[in-house]
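Working notes for the structure below.
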Amino acid sequence: MWSYTLRRVLLTLPTLLIVVTVCYLLLHATPGGPFDGERKVSAEVLANLQAKYHLGEPLWKQYLLYLDGLLHGDLGASFRYADWSVNELVLRALPVSLAIGGVSMALAIVIGVLLGVAAALRRNSIADYALMLVSNAGNAFPSFVIGPVLILVFAIALKWLPAGGWNDFDPRYMALPVALLVMINVATVGRVTRASLIEVMNTPYIRTARAKGLAMHTIVLRHALKPTLIPVVSVIGPLAIQSITAAVVTESVFSLPGIGKLIVNGAANRDYTLVLGLVVLVTVVAVLLNLLVDLAYAWLDPKIRY
Amino acid sequence: MKSASLSATLEKAVAGRSPWQDARARFLRNKAAVVSLALLAIITLACIAGPWLLPNQFDSADWNAMSVPPTFAHWHLFGTDETGRDLFVRCLIGGRVSLMIGALATLTSVTLGIVWGAVAGFIGGRVDNAMMRFVDMMYAIPYLLIAILMVTLLGREFYLVVLTITVFSWMDMARVVRGQTLAIRSKEYVEAARAIGVPTRRIIVRHVVPNLLGIVAIYTTVTVPGVILTESVLSFLGLGVQEPMTSWGVLIQDGVGVMESAPWILLFPAALLSITLYCINFVGDGLRDALDPKDR
Amino acid sequence: MKSFAALMPFKRTALPVASMTLALGALSLPAVAAIVPQGVTLAVKQELVRNNGSEVETLDPALVESVGAANLGRDLFEGLTVTNGDGAVEPGAAEKWEQKDPTTWIFHLRKNARWSNGQNVTASDFVYGCQRFIDPKMASPYGNVFGPFLLNGAEIVAGKKPASALGVRAIDALTLEVRTAGPVPFLPELMSNPNLGPVHRATVEKYGRDWTKPGNLVSNGPFQLKDWQVNSKLVLAKNPNYWDKEHVQLTQVTYLPVEDENTDVKLFQSGDNDMTYQMPTGSYAKYRQQFPNDTRNSLILGTRYYSFNNRDPLLKDVRVRKALSMVIDRDLLAQRVTADGQTPMYGLMPKGVSGADVSNYEWASWPMDKRVAEAKKLLEQAGVKPGTKLRFAMNTSDYNKKMAIFAASEWKTKLGLATDIESMEFKVLLKKRHDGDYQIARNGWVADYNDATTFLQLVECKSTQNDNFNCNPKADALIAQASETTDQTKRKQLLTDAAKLVMDDYPLLPLLQYGLPRLVKSYVGGYSLKNPMDHYGSKDLYIVKH
């Protein structure tokens, strides 16, 4: 297990290298550059800008310069935000996204599993349909509709919470964005849990346990839960990655200084270094989360071996 | 005589039912799924036939009738949008686009995801590692860049929308299927089958696939809303539907902006989308229940 | 999800009404910041939260480019002059100035102008600031906008002369001499720009790129930098060493970087925001009804127009361009389609710009039927048949979309021409426009300074801002002539004639004059509705008791 983990961690480096290279090429291939503005800069100023940011040099040279900085932990200077280095920007945005994404995932897992289990045990009854109706709400309405509705109700009508912004992990500012993400994630977790539990309840050994007369909660908790959670855990991986690194709509609607918005704005501004720096971050997050998920498989199903 | 009719009756009694007939019967017993399927059929039919039957055109702007609330006058049953175009017709036309792209893009991403995940999960080892690391990489690349690049390099054809959406949507299914395949592969009956030398292909077809159907059915219905909404993001970049053509995603985006002053512009397309998605969810659940091999 | 489509050009609007800038011997007017009218009671807490439209690209005054960064530039720094809420020029760090000859100005700094760290503001601070700004190594995007006005500026930007050759010289600690390349009647306004303002040399040399961070930044304006959390908020506190601090009412200003207009309004509604950046498309009528006391709207010096690619085979013929321009009902566009207080434009110059008169096309006053008939005739003469397709490019935004749908329907119903509307991401559109890879494209321009020449740039032959690729050498000659004249009346006539001459070529399709509606809480005082460049310095604002 440990050697497996170590191998996976070491594999991060070549993965990173490939991703950075691909993104680097993508960025430079996309039309429009960081200094294309509504006001067209004169040829002289453009030349000055190219010189300042090494943009006039051949691509491979810029690439090597970048890699060199990367190896020293320096992600470079942002093209668009002249006063900040990419390291500073990324390090300020990461905790916000981790907090919001992390808390919502934790809550979504708990609530989703509970809803799914409850629905599965009352299969095809009114309760089942009702629970699934509630759980699926996050999947049936686009997030850019749910978000503003939440704001209208809780921030404007009831004035219980602020309508957006970030205040150093102040829970009042985290409540609504977390709620939105939880709604979205619960939809998937709930349905997968329900489907999975139904399947597991029909397996021979569970049937035996029922025939033996074991109490339902013992059956579920002690025997059924672990195998049920395997597909759930598969699903949690992508959801967690999404919630932490790609929560663009949430960050935009609630005005949060997170990574999702930073990447999208960076790409729109063709801020090469910022985007690459964020890509590095996202790759590391994706690799780590997927590794955790894979390790969880092994824990949930002792027969899974790497 | 008696024996003939008796044997005939006996034959009828033991005429086996194929698993598919079983599945269909189980599906039909799921009330929510049946109702949902009917609703989906109605909506699809309305989207296809509706625009031909209604008097209003989806692209005729009427500057004297901007943002009119729902009324029976002029058949503006859903009201009009900000440029005076009939919302009812636009919802139906938009539905054509969303349903079609939804179906096609889901089909392609799901197929790609299943194949990728199943191969990785089943073969395991180094191949699994490499394939899954590729998936990790795909998660890291910002989709905005890819989308812009694809629009620029390849143009705005319809099939490109489907292609672009697929590029972003197949990874989740791949990971999910791979996880499930890993679990199935380590089950005793699969080990037994391998031990006695059942060819790999047979194992896949008879053991792996049926056990995957459940999670695939579920996750497919999870993919659909993502696909439909990604389409609206892409149209923002100029890929996909362009004015005056529209889709539910685009209609909803337009509606969010005027949510408080002209709520019907958001309400109707959002309602149509959510009803469709709910129905797809219930049908997906129903399918999963129906296709579960252990549900005897 | 539409949060990153830049609707407003990233343009800085720099200067106010030019009517009295010829100051040959400007009076030593006591510059006033927030003048609180008689009878108005101020609130105890004088703190303002305002939205800046996006995260600013920098606080370094030499590199300031966007509207948002300029807002901060004016709050943190003070140039030789300032512009007040109504757009008039007033003394800033300089208490008086005079013009020695057509190209030489002398500015006298006030003795009590200080930096936020207590040190005096001296003329050499201005020399350092200007030279640093113009230095090609700085690569300031506004280098070639303001540079050419100053002596040797254009050559320095092009790298042909060193920065020290700039025509800004310190005669003594409190006297600054500014020499211009040609006669620049609006120079005092030009010097109110943060780009051309003072910079504290010791701070820059000590901290390098980090000199603009909170704790390091030294500023000479009404406010100083208290806190800066990127993408979250930027907080300014009143500068205790500002020479006019008695008239600055606000003790704290928080700038938000919210891009999404709907989010902006939601924050306003919940009380977390006192002043929005703009208003969402199509919401003007609704918010005017919902928040009648909070809706403020005024016209500014800007124009919305469509660029014609004058080199395109279909649009090469001036008759085609004229026809397309004639049939658009701009009254309907302004009153019904955009419906947010903007006014129709039938020429190049917006109302209120100094240096040229507004001149409209003669057909602007014709009834629409007559215009359509004439346009149809023109198309026939040009050989364009109904059913021909037009290609229209725009960046995705609700606003642009609505206008485009309107234009397309006008061209269809009145001329029988079909339009392919292509929407694309902003930078892609910019590239297409600059490369001439389009047929008709959505465009807009807001003045950099209050003079007609900023708009003439759009249609001059070799100008980098000319996306239409048109050229009228006679008009260019008139403009060149005007840049040499010292007679203001003659100059105005020349520029007006030049504008009219060029517009008769129909190089572009003028549509509307920019209005800037926004939501400002009724308890925010000092918000002038006569501000032509959208320069709302926080020192003019105050909170009324509520």
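Each chain gets a letter, A, B and C, in the order it is written, and its residues are counted from 1.
In this section, a contact is a pair of C-beta atoms (placed from the backbone, for glycine too) under 8 Å apart; a residue touches a chain by one contact, two chains touch by 3 or more.
Owing to the predicted nature of the structure, the values given are computational and were not obtained by experimental measurement.
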item: Chain pair with the higher count of C-beta pairs in contact (B-C, A-C); value: A-C
item: Per-chain CA centroid nearest to the all-protein CA mean; value: A
item: Inter-chain centre distance, chain A versus chain B - centres from mean C-alpha coordinates, in Å; value: 22
item: Chain centre separation in whole Å, for chain C relative to chain A (CA means); value: 39
item: Gap in Å, rounded to a whole number, between the CA centres of chain C and chain B; value: 48
item: Multi-chain contact sites of chain C, meaning residues that touch two or more partners; value: 1, 262, 425, 428
item: Interface hub residues of chain A, defined as touching at least two other chains; value: 31, 144, 148, 152, 264, 268
item: For chain B, residues contacting two or more additional chains; value: 148, 152, 253, 256, 260
item: Interface residues, chain A side, partner chain C - complex; value: 31-33, 35-45, 47-49, 51-52, 77, 80-85, 88-89, 92-93, 144, 148, 151-152, 155-156, 159, 162-166, 248-249, 252-255, 257, 261-262, 264-265, 268-270
item: In the complex, chain C residues that touch chain B; value: 1-2, 5, 261-262, 280-283, 285-286, 290, 332, 336-337, 396, 398, 401-402, 404-406, 409, 420-425, 428
item: In the complex with chain A, residue positions of chain C that touch it; value: 1, 3-4, 6, 9-11, 55, 57-60, 63, 65, 136-141, 143-145, 157-159, 209-210, 212-213, 229-233, 256, 258-260, 262-263, 266-267, 269-272, 425-428, 430-431, 434, 444, 464-465, 467
item: Chain A to chain B touching residues, read off their complex; value: 11, 15, 18-19, 22-23, 26-27, 29-31, 123-124, 129, 132-133, 136, 139-142, 144-145, 148, 152, 187-188, 191-192, 194-196, 198-199, 202-203, 227, 230-231, 233-235, 237-238, 241, 245, 263-264, 266-268, 275, 278-279, 282-283, 286-287, 290, 293, 297, 301, 303-305
item: Residue ranges of chain B touching chain A (in the complex, touch as defined); value: 29-32, 129, 132-133, 135-137, 139-142, 144-146, 148-149, 152, 171-172, 175-176, 178-180, 182-183, 186-187, 214-215, 217-219, 221-222, 225, 229, 249, 252-253, 256, 259-260, 266, 270, 273-274, 277-278, 281-282, 284-285, 288-289, 292, 294-295
